[in-house]
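Each of the next two complexes has subunit A plus one other chain: subunit B in the first, subunit C in the second.
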Partner chain A sequence: MRKAMVLFASLFAAVAWGSSGAAEGEKEDVAGYILHHVADAHELEIEIPLSHDHVTIHLPQILIPFKAGACEPRMTDHGEVIPGILAGCLDISITKHTVMMWLAAVLLIGSILIWSNRDKTKLVPRGTGANLFEMLVLFVRDELAIKNIGKEEGPRYVPYLLTAFFFILFMNLLGLFPWMASATGNLAVTCGLAVCTFIVTQIAGIRAAGLGGYLAHLTGGVHPLLWPIMIPVEFLGLFTKPFALTVRLFANMLAGHIVIFFLLGLIFILQHPAVAMVSVPFAFGIYLLELFVAFVQAYVFTMLSALFIGMGVAMGHHAHEEHGHGHKETGPSHDHGKAHA
Partner chain B sequence: MFLPSVLAASSFVEVRPGLIFWTIVTFVLVMVVLRWKAWGPILQLVQERETQISNSVESAKKMLVEAEQKMAEAKEAIAKARQEAAETVRKNQAEMTAFRDEMMAKSRKDADEFKASARREIDEQKAKAIAEVRAMAVDLSIEVAGKLINERMDDSKHRALADQFVQGLPVGGSATARRSA
Partner chain C sequence: MAEKEPREPGGSDGSELGPAARQMRAAEPYISAVWKLVGGAVVGVLGGYWLDKWLGTAPWLLVGLSLAGISVGFYGFLREMARLGKRK
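Let's turn to the complex of A and B:
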């Protein structure tokens, strides 16, 4: 293994040495290169190895104006700029990360359909794919849904949690392949995912507590005089959880890619091929770490989603208990300690 | 140094509403497809399996209890049968003993009776024989005496005499011994 790594590193160094002559003239803007690669774009750039060429696929720009003429490009200091949503223009252009997300979705659906394809008349799975798949499904159901949400409400949210877990996992992993990118390294994507969790959480809360109980919960159960203080606090509290989800996933995925790019970029910053002997093994290590992080972040997102949904479900119980709505809970109580955590 | 300018120039901290829209749309579509094709069937299968397993365990438990009960019943029946058999044997033995005793007693009684009747007959026959011998002896002696004295004797007077004589004779072998002497 170590031998193979040394061989790999020296090979990489040799290639870098060979190409360094060509790169001598142009000063590489490493930081610009990296940020260009991790950022979203309106085109797909597919680099051709061992050359400076790349194939560029331009992606369609779709603009939906809410009022006539809202999407007219405006000239500013930075060049032509398309007005934002506040100006009444919704830009739903297909971008690099959109494509990556769709690719991940297609791969996800394809592989899950292959894995889950089995003799439905037999209750026991056969084969690696079916077993692995069922193991993951059972893990999400038993360890995430039922532990955090409860035995009778938990199973209802299993499909959501499973989809979140696998979708995020596939998007994370996709970025580890050459020419691909992690859609989860984009704030908008993680924000979209967090919005889904947010919506599901609120629905769970309303389902459990009823609309009245849900609204009562927003008052924090204090004296009406304190409501002007309490309601904004509770209202903001609703958004901190999805915000944490958004930033955590985004930062984790982005940071890993930037670190790998920088380790490799060191070769070009220091302008010496020997750097590859150090930076390539390091980048390889970070790559493995990224592989691990891809799973961990998918798990963390799903686990926290389950936790938040569990809090929403528990809201019903503690709305009744704390605000004394005078109707006795018959169902088994949820984990209140966890709900307050 | 370059970071602020890079951050300003780069779009990676920008949140594009369009992408949020696409994310939600994609996510919902993926969820619908997977729920329909994968999660639904698999969760149903798992549920079915769990129910089946718990049912099997339950019925196994029930069967075990039943088996234990049956085992206890069988044991009880065996013990009862054994006890009954022992009792029967004992009863038979007692009957046998009683029967044997009865038979023994009966045969003993029969034998005793037979012995007694035989003895009685012997005694009778003996007495008869003696009486006959005596009568014959009287006649004989009268005849002998008549021939000896050659005269007619008064029947009743002499018969009494002869009787007296015969009475004086010893019974059995001693009489013959005297006669031969």
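Let's turn to the complex of A and C:
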């Protein structure tokens, strides 16, 4: 293994040495290069290895103005900027990250269709793919949904949790392939995913506590005179959990990519090919860590979604307790039930 | 013959829940109480600041709503704590 690593590093050092002439003028532009690569873009750049050429695919820019001339580009210090939604311009352009999301969705649907189509007469699936998927699906159902939501309500939310888990996993993994990007390293994407969890959580809360109980929860249980202050407080409180989901996934995915790029960028910052001997193995190590992080972040997002949905389901219990019409234990106690389990 | 287990209003008896879910559910009322304390101040100060900017009444709404927000936050927090204390 160590020999393989040394060989790998030497190979990269040799390539870096070979192209050291080109690195001269790029010293100051490493940060710009990294930000350009992790940011969303209106084109797909496919670099051709060992050359300075790249193929650029321009993606369509779709702007919908709500009023005439709202989408006219404006000149600022940072160049031409398209006005935002608040200025009356809806930008639904197909960007690099949109393409990556579509690709992740197509790969996900394709792989699920292939591997779920197994011999149903046999109890145990055959083949690596089918076994891997069954293991992950069972993990999400038994360890995430049922352990965080409960065995009565848990199975109802398994389809959503599975979709979130696999979609995030595929988007995270796509970023580890050459010419691809992680759509989860975009705040808009993670925000969209968190909004889905937020909606499911609120529906779980309304289903469990009833619309009246849910709205009563928003008043914080204080006197109606204090509602003008308490309702905004409770309403803002609803958004703390999806905000945490959004930032956690985004920051983790973006940070990993930036670390890899910067380790490789050290070669060009220090302008010596020998740096590759150190930075390439380090970048390779971080790359392996990223592979692990892709799974961990998909797991964390799904686990927290399940936890929040579970708390929404538990809202029903609190509502019953607060309004004094909770159930009275007339039958055997819970301990009795556990003794049978 | 399996005896039917008693059920809580929201579903099962919760014995299948993992430790994270149990702890989070136990902590949830306290997190919500603390949010009332912090959120009251946040809503009061930011609300007062924006309303002052909008209506041009600086600094009166900022002062008034900050005091009101902090007071309501404290009241909500103490009320929740007293309720949680009684439940034990």
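Going forward, the second predicted complex is superposed on the first by the 298 of 341 C-alpha atoms of A that agree within 3 Å, B and C clash if a C-alpha of one lies under 4 Å from a C-alpha of the other, contacts with A are read in each partner's own complex, and residues count from 1 in each chain.
Throughout what follows, a residue touches a chain if its C-beta (ideal position, glycine included) is under 8 Å from a C-beta of that chain, and two chains touch if they have at least 3 such contacts.
Computed from a predicted structure; not experimentally measured.
> Using the touch definition from the top, say if A:Y160 reaches subunit B (first), subunit C (second), both or neither.
A:Y160 contacts subunit B only, not subunit C.
> Counting only touches as set out at the top, which of subunit B and subunit C does A:L107 meet: first, second, both, neither?
A:L107: touches no partner chain.
> Tell me which partner A:I82 touches in the superposition: subunit B (first), subunit C (second), both or neither.
neither
> Under the stated touch criterion, which partner chain does A:A31 make contact with: subunit B (first), subunit C (second), both, or neither?
first
> Should A:V313 be classified as contacting the first partner (subunit B), the second (subunit C), both, or neither?
So A:V313 only meets subunit C here.
> With the two complexes superposed on chain A, say which partner A:L226 touches: subunit B (first), subunit C (second), both, or neither.
Once the two structures are laid over each other on A, A:L226 reaches subunit C alone.
> Between subunit B and subunit C, which one contacts more residues of subunit A in the superposed model?
Between subunit B and subunit C, the winner on subunit A residue contacts is B.
> So in the superposed three-chain picture, is A:C191 touching just subunit B, just subunit C, both, or none of them (first/second/both/neither)?
The first partner, subunit B, only.
> Touching A:E152, do we find subunit B (first), subunit C (second), both, or neither?
Second partner only.
> Report, in rising order, the residues of subunit A that make contact with subunit B in one complex and with subunit C in the other.
none
> For subunit A, which residues are in contact with subunit B within the complex?
Touch residues, subunit A against subunit B: 31-32, 35-36, 38-40, 62, 84-85, 90-95, 97-98, 101-102, 105, 108-109, 112-113, 116, 120, 123-124, 133-134, 137-138, 141, 155, 158-160, 162-164, 166-167, 183, 185-189, 191-193, 195-196, 254.
> Could you list, by residue number, the parts of subunit C that touch subunit A in their complex?
2-3, 5-18, 20-21, 24-25, 28-29, 32, 35-36, 39-40, 42-44, 47, 68-69, 72-73, 75-76, 79-80, 83, 87
> Which residues, counting only subunit B, touch subunit A once they are in their complex?
Going through subunit B, the ones touching subunit A are 2, 6, 9-24, 26-31, 33-35, 37-43, 45-46, 48-49, 52.
> In their complex, what parts of subunit A are in touch with subunit C?
143, 146-153, 208, 220-222, 226, 229-230, 232-234, 236-237, 240, 303, 307, 310-311, 313-314, 316-318, 320-321, 326-327, 329, 331-334, 337-338, 340-341
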